[in-house]
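Listed next: structures, encoded as structure tokens.
Shared between the two complexes below is chain A, which pairs with chain B and chain C, respectively.
Right after this comes the complex of A and B.
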């Protein structure tokens, strides 16, 4: 029993880190451009297809280079999306334009995926498979890799935002765009960079979840929403909040299986989201709603 | 060095500036006074490139900067310290100062020297350097805003209502600093103020803005004696 609980907690932490990365990825764009990117789950899916479908299966490139090339293409795509859609839309009179714009972008990406790679799900045989036993608990290698990579991503992002000129400028743009431009920061360019980084994080998420979900058009549907919940529960707009919220949801929903039928697992995070929206809209770490 | 010639500016169809011309020389402090809504901030923002000017021309040391993107104008050395300070509240005082130097390349040593120079000018900021700028008092935030502007090695410093919302003692401090910056660092200053008394005292020339037009201009000394100014702006 103890080993089962430990296993549930560990896989909860692993999937929680995925939610946290999703939370981080869209919070970056939100802070930078003031827009909620409703196409973010499709970007994650696209990253998985480019990596698995094109780089590995079609072109048979080795993993490190395939990862690099996927990062590169997704990063550039992110920057182009910012330049072509976010930057024009964020200055519109109503947020509705931006909401519609990013939703439609999501539809377009989804259709492109179906056209290019077809509707049939596939998998990457042998990719991040196997288990490690720690004591009496069996932990999948995928979960261990997810935890290590997520921590590395969170830490490097934090270092990047604290110590580099571009990272500091990203924080300025998030706080005050006019003042940022008075500092000499090219705000539109900075939003492109931030969105590119966000798209690269989407790709990292995509590659990490391939062993969990296979490569399907709905790969990111559930983690997209739960990552959003993670941000809200942790404290909207605050990066460390996304991590706290993600881990909280991941562990709670996994442990819920001990008390509830497993089919209710996915509902747990949305119930938590609604409870937080009603009771504590500022989340765990947020100061105000 | 800065020449504004016949600039108009609109918010949608509403004309906020009408046929504005002014000039700033190399060591001047020029002031612009006028009541709330006269168009002072709009003028600054037109120079910075935040608000689009129609017609007319703005040149800086011979370069045409009309409707240039604000970040480029900043890189050209025209530094605006905006109304309401607009510091980065979630960053420390030190980080705010560093961001002031975003537009120029500095070595680590050069950066430290420049920050040290700011601490000498604003000793209070040294004690507050690791504090989040948003937690400071209004006066201290204004110090951060001015210091952050100076961190860019301005060729022209534009201050938009630096005394706004400050206690009278602090206002005196701020104006002393403005004079020192101009005298010691030889930086020309364009000062926008509602506090006409202070503005006229520190500046050599003054423009009076009403409803988006320059209605009076002249030497500050003469203006502070003129009946019209005394009545309308000095509470006489």
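Right after this comes the complex of A and C.
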């Protein structure tokens, strides 16, 4: 029993890190442009398809180069999305246009995926498989890799935001767009860069979840939504908050299987979201709104 | 004096417009040749009800609601379960749907609209997913993924609305009533508050209006409209299952609102019609029709943010003005000779 609980907690932490990365990725875009990117789940799916479908299976490139090429293409795509949708739609009378722009883009991407790679799910054989046993608990290698990579991403992002000029500019834009544009920061360009980085994080998520969910068109449907919950629960618009929120959701959701029928596992994050909005809308780490 | 005649003229114009619209609605089933076309029109009518409601929260108040499919599903399931498992009349099912709408509006609006920000978009999108998940997994009540079959048609004093044409007229009555309520509400004190909330929420708050409760009211109205439409849909299709109530449906409703132009009741009808009929026309492109449809709408959103219809009207007005100017000039020249 204890071993099962430990196993649940560890896989909860692993999937929690995925939610945390989703939270980080959309918080970045939110901070820079004031918009929610509702196409992010489709971007994650697209990343998985480019990496697994094109780079590995079709072109048979070795993993490091494939990962690099996928990052590059997704980063450029992210910047293009920012230039084509966020920047023209961000200053409209109502933010509905921008939100709908991203949702429509998501549908277009989904359709393209279906047309290019076909609707049949597939997987990468032998990619991050196998288990490690610690004591009596069995932990899959994928979960360990997810944890390590996520921590690396979070730390390097934090370093990037603290020490580089672009990172500092990103933090300025997040705080006050008008003031930062008066200080000579190119806000439009900054939004492009941020969205590009966000798309790269989407790709990292995509590659990490391939062993968990296989490559399907609905790969990211649920983690996309839970990432939103993670952001709110941790403190909306605050990067460390997204990590705390993601881990919290991951662990609670996995432990809920002990008390609830497994099919309702996906409902837990939504209930937590509502509870937090009623009880503590600023989340775990957020400042009072 | 001139002002008076102007309002008289406006009134006359409105009466003429309403009469022509009613005539078009009445004649339409005779023009459409196949049952399928009338079915599409029925869908347009049902979706119009949803969009009329969505207009309050997203169009007028400016809060994003991405969970309309959830409300739609809830209304549909409430009346379908009542009718098939307990043999309750669809009309009482309609009341049930309205109660559902009230509950959703309050229950979801309270946590998410008390706060400023985008919380409503997030909670509604989550809510919609939860409704779908519960509908798919609570097999004993909702029938799970196989859905509910044999939902009875509406009937009034022994007269059963069992063909597409009969249902068309019934739904047309519903839509007319919905439009009437929407107009009355949009012109009421509440409607004006909703509009001002979109333009400047701070100023409204300064005037002593409780903006949270107003937003919750707008959202509740939206939820009730959505649930009523869901109930109509259940008795129209005769069969419902969870796979039709996805986020794509919610997106479609907001697209309808956007295509028609935010905040305009006439635009809502136009949007519902375009977004329902256009994919049917684009079906000639087979595999690519969704892609083409989404691209058209996306480009439309970027270039015609005021809605396609109003963009079209603007262009026509400009052309008319130009023509008149030209006539004027040629007329003057003629006079000079």
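Methods note: the second predicted complex is superposed on the first by the 288 of 289 C-alpha atoms of A that agree within 3 Å, B and C clash if a C-alpha of one lies under 4 Å from a C-alpha of the other, contacts with A are read in each partner's own complex, and residues count from 1 in each chain.
Convention: contacts are C-beta pairs under 8 Å (C-beta built on N, C-alpha and C of every residue); 3 or more make two chains touch, one makes a residue touch a chain.
It should be emphasised that the depicted structure is a prediction, and the values quoted were computed from it without experimental measurement.
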item	value
Contacts of A:151 with chain B and chain C, given as first, second, both or neither	neither
First, second, both or neither for A:228, with chain B first and chain C second	second
Partner chain in contact with A:266 - chain B first, chain C second, else both or neither	second
First, second, both or neither for A:159, with chain B first and chain C second	neither
Chain B versus chain C as contact partner of A:132, first or second or both or neither	neither
First, second, both or neither for A:5, with chain B first and chain C second	neither
Which superposed partner A:96 touches (first chain B, second chain C, both, neither)	second
Dominant toucher of chain A (residue count), chain B or chain C	C
Chain B/chain C common contact set on chain A	none
Interface residues, chain C side, partner chain A - complex	58, 62, 64, 66, 108, 110-112, 114-119, 121-123, 125-127, 129-130, 133-134, 137, 198, 248, 251, 254-255, 257-258, 262, 287-288, 290-291, 294-295, 297-298, 301-302, 305
Complex contact set, residues of chain A against chain C	36, 38, 85, 88-89, 92-97, 99-101, 103-105, 107-108, 111-112, 115, 222, 225, 228-229, 232, 236, 261, 263-264, 266-267, 269-270, 273-274, 277-278, 281, 289
Chain B - residues contacting chain A, complex	48, 50, 69-71, 74-75, 79-80, 82, 86-91, 95, 98-100, 102-103, 148, 152
For the chain A and chain B complex, residues of the former touching the latter	165, 168-169, 171-172, 175-176, 178-179, 181-187
